[in-house]
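Pasting the structures here.
The following pair of complexes shares a single chain, subunit A, combined with subunit B in the former and subunit C in the latter.
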Partner chain A sequence: MSLLTLVLLPFLAAPVAAWGSRFGRLHAAWIAGAFTALALALLAPLLPPVFGGETLVHSWAWIPSLGVTLAFRLDGLSMMFALLILVIGLLIILYARYYLNPRDCMGRFYAYLMLFMGSMLGVVLSENLIQMVVFWELTSLSSFLLISYWQHRAEGRQGARMALAITGGGGLALFGGVILLGHIVGSYQLSDVLAAGDIIRAHPLYLPTLLLILLGVFTKSAQFPFHFWLPHAMAAPTPVSAYLHSATMVKAGVFLLARLYPALSGSTEWFMLVSGAGLATLLLGAYTALFKHDLKGLLAYSTLSHLGLITLLFGLSTPLAAVAGVFHIINHATFKASLFMAAGIIDHEAGTRDMRRLNGLWKYMPHTALLAMVAAAAMAGVPLLNGFLSKEMFFAETVHVAQLTAVGWLLPALATLAGVFSVAYSLRFIHDVFFNGEPVDLPKTPHEPPRWMKVPVEVLVALCLMVGMLPAFTVAPLLAVAATGALQATPPQYSLALWHGFTPELGMSAVALTLGILVYIGRKPLFALHERTVGRLDARAVYNALQGALLHANSALIARIETGSLQRMALLTVLVAVAAGTVGFLGSNAPLTGTRAGLPLDAVSLLAALALIAAALGTAALHRQRLVALVLIGVVGLVVSLAFVKFSAPDLALTQLSVEVVTLVLLLLALHYLPQHSPPESSNARRLRDMALALAAGGGAAALTWAVLTRPYEHIAGYFLENSVPGGGGHNVVNVILVDFRGFDTLGEITVLGLAGLGIYALLKGLRLPLRRADERGVDWSSDAHPPIMATLSRLLLPLALLVSVYIFLRGHNMPGGGFIAGLITAVALILQYLANGIDWTRGRVPANAHPLIGSGLLIATLTGLGSWVFGYPFLTSTHGHLHWPLIGEFELASAMAFDLGVYLVVVGATLLILIHLGKLSRTALPHSAEGSRD
Partner chain B sequence: MNPATELLLSALILLGAVFTLIGSIGLARLRDFYTRLHGPTKASTLGVGSLLIASALYFSLTEPGISLHEVLVTLFLFITAPVSAHLLAKAALHLKLHSLARRPEQNNED
Partner chain C sequence: MDALLSIAIGVLTATGVYLTLRGRTFPVVLGLTLLSYAVNVFLFLMGRASVGLPPLIAPEAAGYTDPLPQALVLTAIVIGFAMTAFVVVLALRARAELGNDHVDGLNTGLDETAERQHKGEREDRA
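So, the complex of A and B:
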């Protein structure tokens, strides 16, 4: 339970923080901090067993048929990440409390931050891979929200969009990869996947699986060629950059590399792809970082290069390299988060991040400067600091691998080159900002930040020092257990000591330090060269061009498919249906007429059928006279409902009747805005074509119906008829099917109905149609819009109609009726008031807002369904019992009635919403003289 | 059911049918809109009324209790029939349809 609680806690904290900030600016920070501390406290008792080598797995069945379980896993690797996320998260919460401006909305910031924390915990603690992908996407979404936190800034919005497009796209690829992985292994559980490495690597689908998963990894961890979103994500507030874009989220990619290391690594493809991308990113990032004038830009590219370094280590596929990778994840998180926070402090206190203007800050903020310098030294890999240890391990591994492969010296050489640049940009960070003369034209006079703003930086810098000097007493146990988790085996022997003697890696470090200092000293010509050459390349331009081309191609495609012609759409739809039907008919050689004997034909039915045919033909023939056509459609509807009565479907007949009324009103309202007669627009040839198509479609449907009705048909109606009373407690089978047997379908349908109502509302909302002053014969509209006889009598009718609808509703479970019909009747009764008495009169008496009706209806229906969970039954299980009401008598009460009430409310709400807004379209254009004169 | 009641019911049903028929003929044959309007009103009052009385009597005599459905039908007819007739006449007046009689004086409201 406690792992689930751990992941859910931040998600719980998010709304609480957002709500809490209403009562005070700092409440959100306190709430977020308290929840994070609580999560840490929950994690604490689980640590000793994990340090002892245990792997905790908690799981619950979720969708067992799809192999999806809700499962969490705590082993060394996930514990290390969980600690990073929570501890650095806590520091960031403290830091952001001072960083954010009084004008910034604290609640929103902390809510987003907590959402991210929960998602990230979910990623690292997931045992089920599908579940991990879900959390993975959530981190992309929350990162999007956080990057665009300052919504008024264009670069924030653009950066957020780009980050979402890249990481979200990668997430989709990862989803595909995980599904393939599950297909290969036969399980989505991490324990099974990790144990099946040999099977996976030997499988023919290994390469596509690897490619898809690596796409996810590379986009998330900003590896070349997907690196460019990360620098643009720096538009986020600095606490976000420190937390998401250096310490945690971008580490999700390398986390996955470490996580799936036992399952995927070891192949040539893995080596080439992972180490290739890592090496490219390492060099590109280290090189570009040197030339960035923006403080955060430098740190962003440096983050890229360190992520590349970690990726490269995992790509090398030796167990020791993996250990080094895990170690560097910890080290990078500590020094880079503190550097970002220091950069944020400088930005906060000096008002700019431009290193050409920030100079000589040592005099103004010596304390911060000292902290930043130690962290930057760790970044450069200076001895006695944690960065040095992992970098040494990295260099050692490159040398080790170089001995095995043909390229030989190339890898250590390139690694050293990256080290040179890393020293150079670290030096630039220190020297340009804190020394190098006097500040140039700063917006503010810099000074030390508030005391507590520095505490998070101090904590992290202290960690850098402690790990760097006394690794065996600090990080060693954590690293050992995390490396064991990543390798799923005992890691090989390694030593965390500072001094290993004169080794090649020590030499590489020395070269990197010396050359790095030299590069920094000779930076002026290098800068000029960079500006002229590489600096002009911008990956964003490529991205924008690609995006533009994609959008353009899609618009062109849509323009070709969707021409805006309804006729053409209908033609294509019907054509496809006819073609599909024809193929089906031709494919079988069964006779059209089945074996079932026909029912006797009586005169009345024949007459009704003839009337139906005549009315349908008339509608088509007279469609240009719209009102006549409408009357004829009404005849069709009436005959259909009579047919329902004849074939013992009183429910359907009632529904059909009420639907007829509503449709008629709807069409009349719509026709109001159209000309009374439509001129002939189609050519004769086209009409002939349409007629042929209509005949084919109608004939096909008729043939299909004939074929079905002449065959003996075993259907499920028997089951429903038998089980309606014992299972659903109602004699009206149709209603029991709707609210009980197929209640889930109905829930979906009323949701669709509510959405349709809201959609039409949204479409009509801003629309204003001019009302013509006169009809087409030039006669003015009657000024007496609401004749008194109709107005008065319709008011009399309202209570009667409502009574009928209540009656129909209550008896619905046992006799013809139910929520749907009752809803339609209520809606018709209310619409009648609108028609007869005008919108203003009715609005004053009936609550006009239909949205709450739809909402509460859906809520009631859903809650009824959920209610059965309380009693331990599946969703929407119905119960029923007998009740004796005085005066009314024995009464069957089923829980489905509450569900039916939901249906009722949604139907009333959606119908009213549509019709009233359609009726109101021209309301602003309508003079209210008639209304006013009578009142 | 005794023969006298049967006779009475048959007479009522026939009477209703005849009035409905007359109403329909009137609707088809009369010469202007306003007189045609009389046809359906006869059918819906006298014609349907007779049929409803017949129905009420029949069900009250053959089944336990008094049948009140017909009263409801009558009530709804009484509410709706005048409204539709009034609206039709109003529309016709507004559109100045051909009339056998002299049109009434225009009142101020129109």
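So, the complex of A and C:
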């Protein structure tokens, strides 16, 4: 339980800190600090068992079917990282409280910092790999927020975006790698994966898995060729840089190398890829760091080189190298965090980080200078400091590996070269800043920072010294248990002593120190040479060019497809559909005609079909004369209704017939406001092209129908036919399906209907259209809008029509009919009143507010469904019984009828809403040649 | 009979597609209506055509046709009406905003009514 709490604590702290800062600028810092201290206190009781060699695993099932569990693990390696994250995090919190100036929003800063801390803890403490990837991505996201904390600075935004693109992209690759890993091992639990090293390395998917995981690692740890985001991330506030680039973010990559070391290492591929990338980054970083004039730039490239060193160590694949790698992780975190903080203090107190202007600060801030010098010496690998110990181990390992291969001497040589540059840039950090004459044109006079701002640096520098001088009494137990965690085995014998006699590595250290001092002394010509040559290379330019090309290609592709023309999109859609259909037909070997014998052809059907074909063709041919086309399409609808009658579908026939009526009214109303003719604007070629496409589509549809109709089929109709009466209490199976078996579908459909009605209402609101009162020849459409005979007849018809709709509704469960049809009939009857008697007359007599109808219909349908919950049945379970009504006799009542009532109300409401509001447009319409604008 | 039904669906589809590709809103609405006829009948026919076998349970019935496609098509017809209505109103709105009824919303030229109205405005100003 406590591991979960430990990870969740910082996430909890984030909103609390953001909220707390409302009551005082410094509250956020106190809250963040308190939560971090609490997390450390929670971790403390778990330390003794882990030091004793135990591995704690806490897990809860989450999505067992996908192999995802919520599982946390605390062993030596994760404990070391958790300690680094929390302890350095606490120091950063203290430091940032002094670093940020009053204009910066403290709540936001500490909230982001806590989010990041929680994500990091999640990464290092995860037992489940998928869960780890989630936290991994969270670190990318929260570091994006931290790097872009000063949102008003363009470089901050750009740096953050670049970091997110690179590390986030790497995270995706890692996700793929982890899934492959889980596939190979059969489990996503780290314990299983770490025990399955031999299986993984022998698997054919090993190489892709390795590549994907290394992509994640290299992007996160800024290894060549993905290194360039790290220097640009320096746009972040210095406490962020100190945290992200010493103990966390970039260490997540090397953490994963160490974590998966037992599972993935030991192969040639691992050796080549990991040590290759590590060596390249080591040299590149060490070299470039020397030439950076920005203090933080120097530290950024130095971070690169140290990360390269650690990566190289894990790539060497000897257990001792892995121990050295773990050791250097600890050492680098301590000295680099203190150096970043010192650089921040200098920036804060002197107003610049440019080493060409920062000179001779020793006399202004001797205390800070001393701390920075010790930390820089540790970075250079000077004896008596922690950096010396791990660097010695590194040199020793390169020599050891060199003895195994022919050109092996190259490795120690290059390692020494990197050491030379490392000494040179560390020296520059010390000499350029604190000595080397007088400061040049500083914005403010430098002085010592507030007392407590130096405390975090002092703590870390003290650690550097203690580890460097008394390793056996300080870091030894932690290193032993962390190395055991990384190797998942007892590490080989090693000695942390300062003096091992005259060894090759001591010689390499001496050479590095001596040559490093010489390089620094001769730096001036080197600087000039660098400016003229390598300095002009910029990985960011390549990145920007690539990004630009990608975006450009993307928008070009989109511009080609999406031109904003509906005609073109419709054409493409039909074209693709026809192409897909063609491929489907051509790809199959089955004959077009099946074995099923069809119905015989009769004369009436033939005539009806000919009428339909003629009407459809006529609609297309005469579409420019819109009224004619509308009449013709009515014929099509009529024949379709008749077809439903003929082919045993009475419900469909009734529905289609009533929908025909409302559709016709709708289209006529619309035509009232639209031009009566379509202008001829398509060219003949275009018409021919469309005809060809239409023929292809029609031919395909006909062929498909033919192929289906001539084949026998299996259906599930039996279930509905058998259960309709005993289960649903209705003899009309179609209606029982609608309101009972598939009632949930119907509920969705009437909701859509209601929404369409409301959408139309919204679209029509405030719409003003030009209205014509005469046709194009100038003849008035009608002198008498409401002829008396029609008005009288429609009034007489209303009660009859309503009676019919009630009848249709009531019998619907057993005979053709039901809520949909009854609703349409009611709507038609009411619309008829509007058409015949006018809006004002009808409104006075029929309460025509349709919104409550839709609402109450949906409510009734939903409540009917919920009603079955009361009796402990699932949603929309129906019940039915027989009722004896006086006079009427035996009457069957099903709960589905209430549901059907809901359907009825929604259909009436939606239809009325649409047609009445469309009709009402004429009252707000613009006269066809009047003043005013068209909107 | 099956051949006749296939041809009818083919014709409905072809005319529907042709009209859908036209440039003005009203023919497109007609085209969509024809296409929904085609689709509805096609779906309905997935239960195969049979005569005199309505899915109404009765002791004397000789048999029943498949009720499931019918139930699906019934709601499709009603939803189809809602869709047609929505498209029609969208077309009206577009005409009000753009002054013409071209589907691409291109103000390439005013249509007849709007043109006359425009002329009227000019005359009024003059």
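Note that in this section the second predicted complex is superposed on the first by the 567 of 935 C-alpha atoms of A that agree within 3 Å, B and C clash if a C-alpha of one lies under 4 Å from a C-alpha of the other, contacts with A are read in each partner's own complex, and residues count from 1 in each chain.
Here is the rule we use: a contact is a pair of C-beta atoms (placed from the backbone, for glycine too) under 8 Å apart; a residue touches a chain by one contact, two chains touch by 3 or more.
Please read all numbers here as calculations on a predicted model, not as lab measurements.
J.: Go through the superposed model and pick first if A:231 touches only subunit B, second if only subunit C, both, or neither.
T.: neither
J.: Contacts for A:790 in the overlay, against subunit B (first) and subunit C (second): which applies, first, second, both or neither?
T.: first
J.: Can A:662 be said to touch subunit B (first), subunit C (second), both, or neither?
T.: It touches subunit C, and subunit B stays clear.
J.: Which partner chains sit in contact with A:817 here, subunit B, subunit C, both or neither? Use first/second/both/neither.
T.: After superposing on A, A:817 lies clear of both subunit B and subunit C.
J.: In the overlay, answer first, second, both or neither for which of subunit B and subunit C A:387 touches.
T.: In the superposition, A:387 touches no partner, neither subunit B nor subunit C.
J.: Which partner does A:907 contact after superposing on A: first (subunit B), second (subunit C), both, neither?
T.: second
J.: Touching A:170 in the superposition: subunit B (first), subunit C (second), both, neither?
T.: In the superposition, A:170 contacts neither subunit B nor subunit C.
J.: Which touches a greater number of subunit A residues, subunit B or subunit C?
T.: Touched residues of subunit A are more numerous for C.
J.: Considering only the defined contacts, which subunit A positions touch subunit C in the complex?
T.: Contacts found on subunit A: 564-567, 570-571, 574, 596, 598-602, 605-606, 609, 612-613, 616-617, 619-620, 623-624, 626, 629-630, 633, 636-637, 640, 643-644, 646-652, 655-656, 659, 662-663, 666-667, 670-671, 673-679, 681-682, 690-691, 693-695, 697-706, 708-710, 713, 715-717, 720-721, 724-725, 731-734, 737-738, 742, 745-746, 749, 752-753, 756-757, 759-760, 763-764, 767-770, 772, 776, 814-816, 820, 824, 907, 910-911, 914, 918, 921, 926, 928-931, 934-935.
J.: For a test of understanding, state which residues of subunit A touch subunit B in their complex under the given definition.
T.: 777, 779, 782-784, 787, 789-790, 793-794, 796-797, 800
J.: Can you tell me which positions in subunit B touch subunit A when the two form their complex?
T.: Residues in contact with subunit A: 75-76, 79-80, 82-83, 86-87, 90-91, 94-96, 109-110.
J.: So in the complex, the part of subunit C that touches subunit A is made up of which residues?
T.: Counting only subunit C, the residues touching subunit A are 1-30, 33-34, 37-38, 40-42, 44-58, 64-68, 70-71, 73-75, 77-86, 88-93, 95-97, 99, 101, 103-106, 109, 111-114, 116-117, 119-121, 124.
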